[in-house]
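The next part holds the structures, each set out as structure tokens.
You will see two complexes here that share subunit A, one where it goes with subunit B and one where it goes with subunit C.
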Partner chain A sequence: MAKAGDKSGGSGKKALKRKAATEEPQEAAVAEDGATESGVQPPKAAAFPPGFSISEIKNKQRRHLMFTRWKQQQRKEKLAAKKKLKKEREALGDKAPPKPVPKTIDNQRVYDETIVDPNDEEVAYDEATDEFASYFNRQTSPKILITTSDRPHGRTVRLCEQLSTVIPNSHVYYRRGLALKKIIPQCISRDFTDLIVINEDRKTPNGLILSHLPNGPTAHFKMSSVRLRKEIKRRGKDPTEHIPEIILNNFTTRLGHSIGRMFASLFPHNPQFIGRQVATFHNQRDYIFFRFHRYIFKSEKKVGIQELGPRFTLKLRSLQKGTFDSKYGEYEWVHKPREMDTSRRKFHL
Partner chain B sequence: MAAAGARWNHVWIGTETGILKGVNLQRKQAANFTATGQPRREEAVSALCWGAGGETQILVGCADRTVRHFSIEEGRFQGQRHCPGGEGTFRGLAQVDGTLITCVDSGILRVWHDNDKEASSDPLLELRVGPGVCRMRQDPAHPHVVATGGKENALKVWDLQGSEEPVFRAKNVRNDWLDLRVPIWDQDIQFLPESQKLVTCTGYHQVRVYDPASPQRRPVLEATYGEYPLTAMTLTPGGNSVIVGNTHGQLAEIDLRQGRLLGCLKGLAGSVRGLQCHPSKPLLASCGLDRVLRVHRIRNPRGLEHKVYLKSQLNCLLLSGRDNWEDEPQEPQEPKKVPPEDTETDELWASLEAAAKRRLPDLEQTQGVLQTKRRKKKRPGSTSP
Partner chain C sequence: MSYCLQNVSSLSHSSKTPSFSKAGHCPRALFSWINMPVCVRAIEVCFSFVLQVIWDTLGNKQFCSFKIRTKTQGFCRNEYSLTGLCNRSSCPLANSQYATVKEEKGQCYLYMKVIERAAFPRRLWERVRLHKNYEKALEQIDENLIYWPRFIRHKCKQRFTKITQYLIRIRKLTLKRQRKLVPLSKKVERREKRREEKALIAAQLDNAIEKELLERLKQDTYGDIYNFPIHAFDKALEQQEAGSDSSDAEEKDDEDDDEEVGKREFVEDDEVDESDISDFEDMDKLDASSDEDQDDKSSSEEEEKALDAKHKGKTPLKGPLRRKRAYVEIEYEQETEPVDKAKTT
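Right after this comes the complex of A and B.
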């Protein structure tokens, strides 16, 4: 039959289609065939009920067939359109209009009024006199205490050890079931400037509490995608004792600035460029990616990097003013999923 | 410019950096006012209250123990007064009859003579309220009556014209089901209108109503909300409910007749530091550590009206209680504008004036409207007030 032949030709060479094609002559719905044909080809005149869509076919196999055929048609049209556009661009040469920039979630980000303007004096004053002022004025140098939640397992312990090689002037202590509120005054009296607590759940580290010590803010992060050194492919040799450089990417809003400053105050001021080591905190879509690399300049513009050190991803849960006090402390920012995560294009850091 | 604008600000906010911000919600503008021209963290505003004479003056209590006078008419700080004694920041500021009442963290409550000269530095009256004060509030109906409360410092009501002993001293509730003493931490106090009752909100997420008129010194009603300390509270117009805010930025309206939760308000991300409701309109202004001023509508429908990002952490606020929020009358400028008229504009508006003259009572309003239109043209060459 001409129709069957047409359909098998149009559907391509798949075996399924052959089976469906053989079933077709048994179907009596001529009107249906006609209607689906009208769906496949540009709309015919209204001989068939308009508003008919492929999803109204009750037979699953036939519906699937019609859909695959429609999909192939769409793909063909799309390819043809692309080729045409490419040809037109080549024909125009230099006079071709610039390529349209594809929309991504990052460049569709909703305008955030808290994005810091570098010329803003009020924000500059606020930052110059906040709790990190003593670090940024070079009056104090960082001394970090790294610990975990109680009774940590192997991964967490190893992560702490590796973190202490990455962060200079840091000490790891075993948390013998001590309360943080009791540890903090002791740290302050021993001149520690920051406290890092790695929280563990079911033998994997999943949280990070970073508390700036004299009376500074406490940030609570969710930690995910933790890779220890041996799990990193093509990594370099262990990091040396040189002080690394820091890269803080994309902390644009006021909250982002506070968190960025918190990370910056973990590392001493004077990076030793001889060591060629760099720690990167890259913020993208409210996730902060931590990486530790060693770089080497092969020429003026070409750099080779080797990933050393642990890698993990952080997401900010809350920023509390004052040292760790989750029950009675005042929060500067709390992440509320049902209120803040309503738009896919709105980010807070 | 700033001076003219200062009059029409709806909300005044004190920040941690010492800046007093005036926000006009109709024009969506915020203006900064500082005493010295530069923000200073030592002048962090810890208490705000209206000065004498309606809402024309603001008293700003700063962290360096000075109270500065800010004139809204002139849009600048006029004088200051150093209030020594005790330790800690101001926890309450009030003014009555030309005297200034201050209360500091360590519990020293002093009444000062409010003159602009800093000469007399002796307080007229001094009371020791007890250490750890979190709030001192003045009764709007009886300006000589103040209430104080704090951490391990029970609610006390003082009559400044009476004796040195408190008029009402609240008693702690009974021991809880484990027979442990329930700790006290009164964070904010409000006087209920048309009765002697007081409402407090505590750091242990309780809202309590006390009635000095009843023989019971314990709270008459207790309600709890949430799991975090309640930091600020305000009464709603109508007087039957309060709105409380906690350290997580959750705002809730609690009915005082039954002690139950009426509803919540969303939007805040940080600890609530200041809350105030408008006396007649269903509007609530809230500010907090997330550096944003929000104005919510509390009923029909409940939701956010305005949101203004102010770049410093906000400590306390004052909401103007006036009714005409929308009007921005130009009366003081009108008589000056009428003489310097151009003939061109005269011809232009002559046709409209003919129509306006028909309804005499409305003439001034239409003239006002015309004047505002003219004002936009006139600005470059206009005489400044």
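Right after this comes the complex of A and C.
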């Protein structure tokens, strides 16, 4: 009787393929006993009483077996449902409802009221009168000073060199224990427009301070995933002296706009398209990815890109109104992890 | 020691032990022993044996909790130690009369211990604050340690010199930039790293960059550098369009509609290769009427290819309106155009 009941249950589920089938009668009996069934099985009912889940089977092998069977069945059902849906769509043709867009974190982003509307006049006015206006009006052309924290190690030094090849009109100077506050007036007197300081910790660069010089804003970033040129696979030859183009992606909010303008002001205005080099700052979920590529148009629909120079990711930590001043500076935006990192759908850049 | 001992013997003969109760009547001579070299004091004589014992046990043989031994040398960890080495002469425990210079919060003090106070542990060490001025402080040391053994005086001054030097250095360094150590929370770091990885995957950087570059190509930011034929063709057409489009558009549409009604056409397959088009090109030169149709077809093929490429362009087409695909809108154009078009391909 146990056998009969069990077989009906077994066939109800799936065709028995496994050798363990022979063991089933006993184990099923055990399982059913465990589920407090009487010895007399109802002949046609399913093997297991309602409310019984596979996870309650005590025997591990048996449990695993039942679980895999259940999983296979689920997969089959899912496949069948998909096919059915596809058929329906084809049958309907044009009138089929549009495919549901899957939810992504970027789709579900919390509404941020500082997202810039392209036609916003106030923003346009602000941008016409902020510190970068002189750059965007073509009055000044950028001249960058790249330096490090004290006693840089090899990796940082090489990163500085590579950065200086990427950014045209930039100079690398070593900091020999000088205070930033003393460097800044000297830079201003020598007509530098931007200052980049790469902070180092334990022989790896981990921070970037970007300061627009004549009293411009200072942004402090956390730098991670730094890959120097020789660590990049399938890379092209070294970048040439041509001025690269810039791509700034996804800087949507007011804050993002100002950071985007900061990055844009590092590069000269007139990109030399003959050089076919492009520097990209792509913002995704508050992480800014920097890449440097060489592109070639294979046809008007296809372009090939080849990564050249260094790559790194930045995360904005603070934006300060004046030049670098950690004590008395006026901070426009500071990243506070305990308050700002609570929601996974909220981004600030 | 022998020197000390002699003096003591003379002392004991000269006067009885001074009794402080008779302070008023004591002649000066009785107290003159205070000014004598301290090592001569009577108490020390009694204790010298004790001190020697202390040194013999702690310093040399048995355990001293302040002593640290290395392979070559021993050090004394006692806070009142003058030199920091473990020696008979610089052990604060084994010397009843001892002096040190110690620094507390930037102030230097001279600590002195004399045998008279050996019985009063609370008052054992006498502290004198030293002057901030280096020379004056040295004089102070000299003054306080007058008649003390040369070794202790010398070592005190040396120690004081070292202390002032490092205090100067501290003051200089605090004016310079301090390296601030910011603690990183491992949890936060891990979280940020993971989020960065996910963001990288979501960013699809290569696709985004390629898309942006193609957009720029379409927007014609690169000017004349790249001359992809269809691209230039589209540009030319658009220019043409801008000129003649607005006025003629409606009329032409009407005409097209009128023509379309009731007209039978034999329409070819959609997929026509470039090679086929070249055939059509040749056929252009053969016949007049049939050529026209085929010309139309070929040009329309080109058009539609171009249209497919551009997705939504109004490309003027020679000949009657043809609808091979659902969403194509074709307009009339000059008859001479197709020849040019054929040549450009």
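Note that the second predicted complex is superposed on the first by the 262 of 349 C-alpha atoms of A that agree within 3 Å, B and C clash if a C-alpha of one lies under 4 Å from a C-alpha of the other, contacts with A are read in each partner's own complex, and residues count from 1 in each chain.
Heads up, the rule we're going with is that a residue touches a chain if its C-beta (ideal position, glycine included) is under 8 Å from a C-beta of that chain, and two chains touch if they have at least 3 such contacts.
As the structure is a computational prediction, the values presented were derived from the model and not from experiment.
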Review point. When the two structures are laid over each other on subunit A, do subunit B and subunit C clash or fit?
Key: fit
Exercise for review: Answer with first, second, both or neither: which of subunit B and subunit C does A:67 touch in the superposed model?
Suggested key: neither
Review point. After superposition on the shared chain, which partner residues are touched by A:114: those of subunit B (first), subunit C (second), both, or neither?
Key: first
Practice item. Considering only touches as defined above, state whether A:174 meets subunit B (first), subunit C (second), both or neither. Key: neither
Practice item. Return first, second, both or neither, reflecting whether A:328 touches subunit B, subunit C, both chains, or no partner chain. Key: first
Practice item. Return first, second, both or neither, reflecting whether A:336 touches subunit B, subunit C, both chains, or no partner chain. Key: first
Practice item. Between subunit B and subunit C, pick out the one touching the greater number of residues of subunit A. Key: C
Exercise for review: Based on the superposed arrangement, let me know which partner A:254 touches: subunit B (first), subunit C (second), both, or neither?
Suggested key: first
Review point. For A:123, is the partner it touches subunit B (first), subunit C (second), both, or none of the two (neither)?
Key: first
**Study point:** Three-chain overlay, closest Cα atoms of subunit B and subunit C, distance in Å
**Key:** 8
Practice item. Spell out the part of subunit A that touches subunit C in their complex, as residue ranges. Key: 104-106, 150, 177, 179, 222, 224-225, 245, 247, 249, 273-274, 278, 280, 282, 284-287, 289, 291, 293, 295, 297, 299-301, 303, 305, 313, 315, 337, 341
Study note, to complete from the structure: Within the complex, subunit A is touched by subunit C residues 176-177, 179, 185, 188, 191-193, 195-196, 198-200, 202-203, 205-206, 208-210, 212-214, 216-217, 222-223, 225-226, 228, 230-231, 309
Review point. In their complex, what parts of subunit A are in touch with subunit B?
Key: 113-114, 120, 122-123, 125-126, 129, 254, 321, 327-334, 336, 339-340
Review point. Which subunit B residues qualify as touching subunit A in the complex?
Key: 17, 19, 32, 38-39, 41, 203, 227-229, 231, 247-249, 266-267, 269-271, 289-291, 309, 311-313
